[in-house]
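In the two complexes below, chain A is the common chain; its partner is chain B in one and chain C in the other.
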Partner chain A sequence: MVFRSTRRTFLKGSVGASAMLLGAPAFLRGAAAQDNDLAPYTSAKIDWKQASGESITVAVIPASYFDNLISIAPQFQELTGINVRFEKIPPAQIRQKCVIDLTSKTGTYATHAADPMYYALYAANKWAEPLDRYLNDASLTDKAWFNFDDIIPAWRGADSVDGKLYGIPYDGEVTIQVYRKDLYEAKGLKPADNLEAFVANAAALNDPGNRIWGAALRGVAGAGQNMYIYPSIFREFGGEWFKGGKLTVNGPEAEAALTWYVDLMRKYAPAAAQNWNWPDIADAFSQGTIGAYIDAHSSASVVNNADKSKVIGKVAYARWPKGPSGKRVTSIWNWGFPINAALPDKRKKATWLFIQWAASAETQARTSYKFAGPAKRSGVNRTSVWKDPAYIKLMSSFGNNFVEAAMDSLQHDTDVDWRPRVPQWPAIGDTMATAIQSALAGQATVKAALDDAQKRIEPMMKG
Partner chain B sequence: MTAKRLRIAAVIAISLIFILAWMFPILWSFLNSLKTDKDVLAYPPKVLFTPTLEAYRDVLFGSASILPNLVSSFIISIGTTVITMLLAVPAAYALARLRFPGKRFAGFYVLATQMLPPVGIIIPYFLVLRGIGWIDTYQGIILIYLSFSLPFAIWLLVSYFEDIPFEMEEAAYLDGASRLRTLWRIIIPQVRGGISVTVVFVFLNAWNEFLFAVVLSGNTVRPVTVAMYNFISVEQTLWTKLAAVSVLAMLPVILLGIFAQKHIVKGLTVGAVKGGGRR
Partner chain C sequence: MSTGSGTSMDAPAFISSMDAGRVLARRERRFASALLAPAFAALLATTTFPLLYLIWTSTFRIDLAMPFTNGFIGIDNYRDLLADSRFWSSLSVSMIYTISTVVLQVAIGLGLALFVMGMKKGQGLFRLIAILPVVLSPAVVGMVWRTFMLQPEFGIVDFLSINAGLGSQNWLGDPTLAMISVIVIHTWQWTPFAFMVLLASLAALPDDIYEAARIDRASAWQRFRRITLPLLRPAIVMVVIMRTMVALTAFAAIFTVTGGGPGTATEILNLYAYRKSFTELSIGYGSALAVALLVVTIIISAALFAVRRAK
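After this line comes the complex of A and B, so read on.
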């Protein structure tokens, strides 16, 4: 499905659009002052005050989308009487800190911005509450008002383990191709439809003498760094994580996938890219030195940052290129909120009310296109917001095909088996990440790196 | 004559290489802290640019001000240093001079605490502090810092105390001074260099500590080493601000280093030449 903000769909669209028409003056005012009317929340048929007086601490990462939420949190306190305190923890440490809190059952963080790959671990240890109970309790959730199905299904799926929901997505991303339309046009190139074409495009643009490199992908080792991109390539090459019930990372598809990754990076990416993470890629692209990259759609805000980017107006987007298996497999991410199982009952309820408030369509709108500050959130969790003309208009400023590429990828290119969702993931992810980087850096051959990873991973799966 | 000149030139050249290697990251941070976001990413890197204090203004007085974090760092580092020295000086003196049962064992025990890998004890520390409600408090973090700064300080100081001729103490006793008075008036002035070195190292370790701080701190008490990481967000790295915070965080340490340099050099040589002593 493609969402385009034509005048026709704008007028034809029923509830959303007419609400938008009515809301237009409010939206314009909203640019100056934050909307703080509680009516859109009190229309939910639940008692928001049922946990009044409780205090909860929420761990988040430093990011503009959480800053926006923090800045409107006083509205939540007014609505519920629940005192909420935020703690910002850098992304590299939030996992460690929250796992310590969860293992020790101290209940320090009522909820936290959780890595979707950790839910299997949380569920296996019963550290987090299964959320269906809260979702189906009419005293806690007004199902019609919360409209859970509106939340992007791929992210909901990522926050579930064996069909049970453990986290509610708040903000997320999907990986897409980001390319320089001016350079592509000058050479008569089209955004790649398959991985071969992606390499061919990179070859056509590669001109290191003039400081233009064909392409870049994340190279730095990390379960959420090169092991965020590699699994997509692996799956596109037809790789299966489990063969006969055994986790296998060194099959022929894996070899082909990693060879593709290594070749692309060696031939057409800056040499330093083997140590790059996504901000480095976006920084380089914003300086006009990279022809195309595949990474999170949210990096669009960096390459469009007027303070430093030289490529504004020259950026366009497309879905992942297809792999030899004929599939497009995007990498997805979301920061979701689980409920800490170590909390007393009433605090669990308070936490759920917070999560429901944060993930609601109204809060998503107030932290994105209705937000009074400068930060534009591109990872809102709801299909309805993505279809909202005001949101589409805001997002379209990032460049051609942005909303379409992101939405199509989320709807068609996600893959439940994109990464092996097992409790041992943190260790497996790190092992694979090290193997990939050693292959990228030329310290080991593709085969040797994968065989070594396989040898290290096998004992982890037995434990 | 030429051979000597050549040798001097070589020494200077090698020193320069080392100084450059040491200076480069500091200089890089300092220059970037004065640039705009655009200039940081410019290629070739700009050496000449219009400096701006905007990054400093932002990190000191902006919405994500690190002033409270600098204050936290000072309270923690000074608190740790003062308590460490108050306890370590008498303890080191006792280990160097007094004879008491279990002295050898006590000495070993102090050293043994240094052998534990920090990562291994972080969860027990967390649980203990959580149990007594000291997570995210100054007393909690200082207590944990004492657990590694004290043994370190004691062992460093013991060697300095052992270097002092026992005859000096005897002379004081003959003149009727008590042990404490001797310690205060005779011994401590002799080990001033050693004490300065220890103070600098203890302060430095506390100021630079990250691993325990990130786990045991929270919103109330958050040293600058932890707060600094918030400028590397998942969205982008805020290079200019990160550089400005780094410079601000380095400043006290560098100042302390320069201030105590005279003592440190003296203290280190004293320890190096006469090190060992009686044990």
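After this line comes the complex of A and C, so read on.
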């Protein structure tokens, strides 16, 4: 086990280092069999060559779903004559780096993989272009071909601020229950339909003496870590971020939600899970030490990784358990592409062409089930692809009920008010993350932690 | 300067020697300033200007989340700061962290230095091994401790703790243990520095005093208390000053190991300023916190320098 964690550490470190070195697009040698016919693109009634000769830089995170895009980017260059340079920045730094670029108006990144929670901030500072203009310009977009309405509605909503669109979703995820079918069957358990049942299942499986823990959720502090999983619980307990127009993070619903989370983590999760993010949870689950977890559906590719996982064939999926309010609330996370407002006009057009290409149904398919490499994307942005039999076949290999759970969650469990969408989000997210962790660590009681967070958040909201 | 002095020597006799001296001194000053100017300008541009800019920034409200509220607010950031309980708690975390790491470094470093002085063989090898942690980047040290040493169930420290009958502990998840952990990590990395400095000073102590003490049949403890410590005092004070300044402004290791958590249990002032500025995007208030840290560091260093001069 010690050895495994060495490798993980090494990988984490090397990802950071390689991000610095990786300037030029990485070409995948194995992608020789890749479909590279440009006809599906040239059928669009726009001039793809209109910004030929421009060069743009795109910041993405090191993840297989962007690697696939990078590996077929030469097709985009051939189609448009636009040079694309990718820069890989680890998720922990990409927000800050891009905010610094935007605020200094240097225009370094024409577009970047954007956190949907940041669009309100971008809009407030006019750092990103409103995209409706590009979408409705017939010389730039063939509306029938691009079929914007095909993109998952919750993600489009998440990338809009006050009805104005600021980013085009490229890849996204829903949070679902992932559980050990074999362990559940041995104890006669069913996947949890409500939060109480989830705790009861965890209690039934929990056996630390034999290195099995009942469940795990993200524990490490961070706006994108514990504050990624807690908002779903808060909403399921009937929490409202804006009570009477005022951002409220404490109160009875919040206390009930945080108590549920803290109890589950303290009683049925490994102690180390307090510092875990999703890759750590998926790794532990792969080693067979966790009975169930709730996290992004994309983690299924980790727990089904033939090189590392010991639980292949023993995994099944279900939607979020219902909360006391009767709601199931999944994340509406997606990585979208905005346009940097500091760019000259022609480069903005080039950037839009890139975004249109990346978000198009054809590119989505070519980076997913049509992709020649081993890691095929599971977070495609379009309903039509989600319903494509070839895609469903690919997804079904992840285990029982995967496609159904993910699709139902996408269609029924998404909630645009999952997290408070205000420009102050970075500060609010960080404050809440600290509060949740201090309650979990026992530094403060649940009520004291939430009341303190409320006290800190109020002045942030005052103009 | 030879030509300069040559000309003043050849000056007509009615220029008094005093005038000649003054001309000489003026020329010398001018030449000195010419030599100094580039370095001085570079220093101004890279340290003084950013510092003044920081202070200037700290008098503004610069909140990227609410750009419409930005503007000059005078000392309001400082008024908020004095009423901010998290500022005071991070300041006290900084103090606990600094005092305990510095005391531990000096105590352990001195112990090691005395031990190694007594070694007949292997001094060189010991020194080489001891210096290794110092050359590592604090961020690397943090990652190694976080994953290799302190991970519950899998880490080396936890393994030792289980075998010692203390059971598995959540080293970075418990507020007190997390604080102890970051103190141990800093001490582990920087004790060799204190050790090397004190060892060098020990080696330079005159033998004859010890000989005289032995003839007077002073015990080992008496020799240490009455001779070694007083003679080492300047070196110890210097180590304390240098390590205090570094500990007050520590960042990388804590940032990678706990990120200030769990909750705010290990959030030193430096980390709080960073989070305010770059995570919460409240640049003005973050700058005020950075200025506060600077003031605290200056006050403590001045006090320590005063102690150094006292005897």
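Definition applied: the second predicted complex is superposed on the first by the 430 of 463 C-alpha atoms of A that agree within 3 Å, B and C clash if a C-alpha of one lies under 4 Å from a C-alpha of the other, contacts with A are read in each partner's own complex, and residues count from 1 in each chain.
Here, a contact is a pair of C-beta atoms (placed from the backbone, for glycine too) under 8 Å apart; a residue touches a chain by one contact, two chains touch by 3 or more.
Note that the coordinates shown come from a computational prediction; the quantities given were computed from them, not determined experimentally.
**Q** Under the stated touch criterion, which partner chain does A:N125 make contact with: chain B (first), chain C (second), both, or neither?
**A** It touches chain C, and chain B stays clear.
**Q** Which chain, chain B or chain C, is in touch with more residues of chain A?
**A** Comparing touch counts on chain A for chain B and chain C gives C.
**Q** First (chain B), second (chain C), both or neither: which does A:Q96 touch?
**A** both
**Q** I'd like to know which partner A:R456 touches here: chain B for first, chain C for second, both or neither.
**A** Only chain C is touched by A:R456; chain B is not.
**Q** Of the two partner chains, chain B (first) and chain C (second), which one does A:G442 touch, if any: first, second, both, or neither?
**A** After superposing on A, A:G442 lies in contact with chain C but is clear of chain B.
**Q** Going by the contact rule set out at the top, does A:N210 touch chain B (first), chain C (second), both, or neither?
**A** In the superposition, A:N210 touches no partner, neither chain B nor chain C.
**Q** With the two structures laid over each other on chain A, which partner does A:N275 touch: chain B (first), chain C (second), both, or neither?
**A** Only chain C is touched by A:N275; chain B is not.
**Q** Take the contacts of chain A with chain B and those with chain C, and give the residues found in both.
**A** 96, 103
**Q** Where on chain A does chain C make contact in their complex?
**A** Per the stated touch rule, the residues are 1-2, 5-6, 8-9, 12-13, 96, 99, 103, 121, 124-125, 219-223, 270-272, 274-275, 422-427, 430-431, 434-435, 437-444, 449, 456, 460, 463.
**Q** Can you list the chain C residues touching chain A in their complex?
**A** Residues 64-69, 86, 143-144, 147-148, 151-156, 168, 170, 172-175, 178, 259-265, 275, 278-282.
**Q** Tell me, which parts of chain B touch chain A in their complex?
**A** 36-38, 40-43, 64, 122-123, 126-127, 130, 135, 214-215, 218-219, 226, 229-237
**Q** For the complex, which residues does chain A have touching chain B?
**A** 61-64, 85-93, 96-97, 100, 103-104, 106, 108, 211, 279-280, 282-283, 286-287, 289, 298-299, 301-302, 305, 307-308
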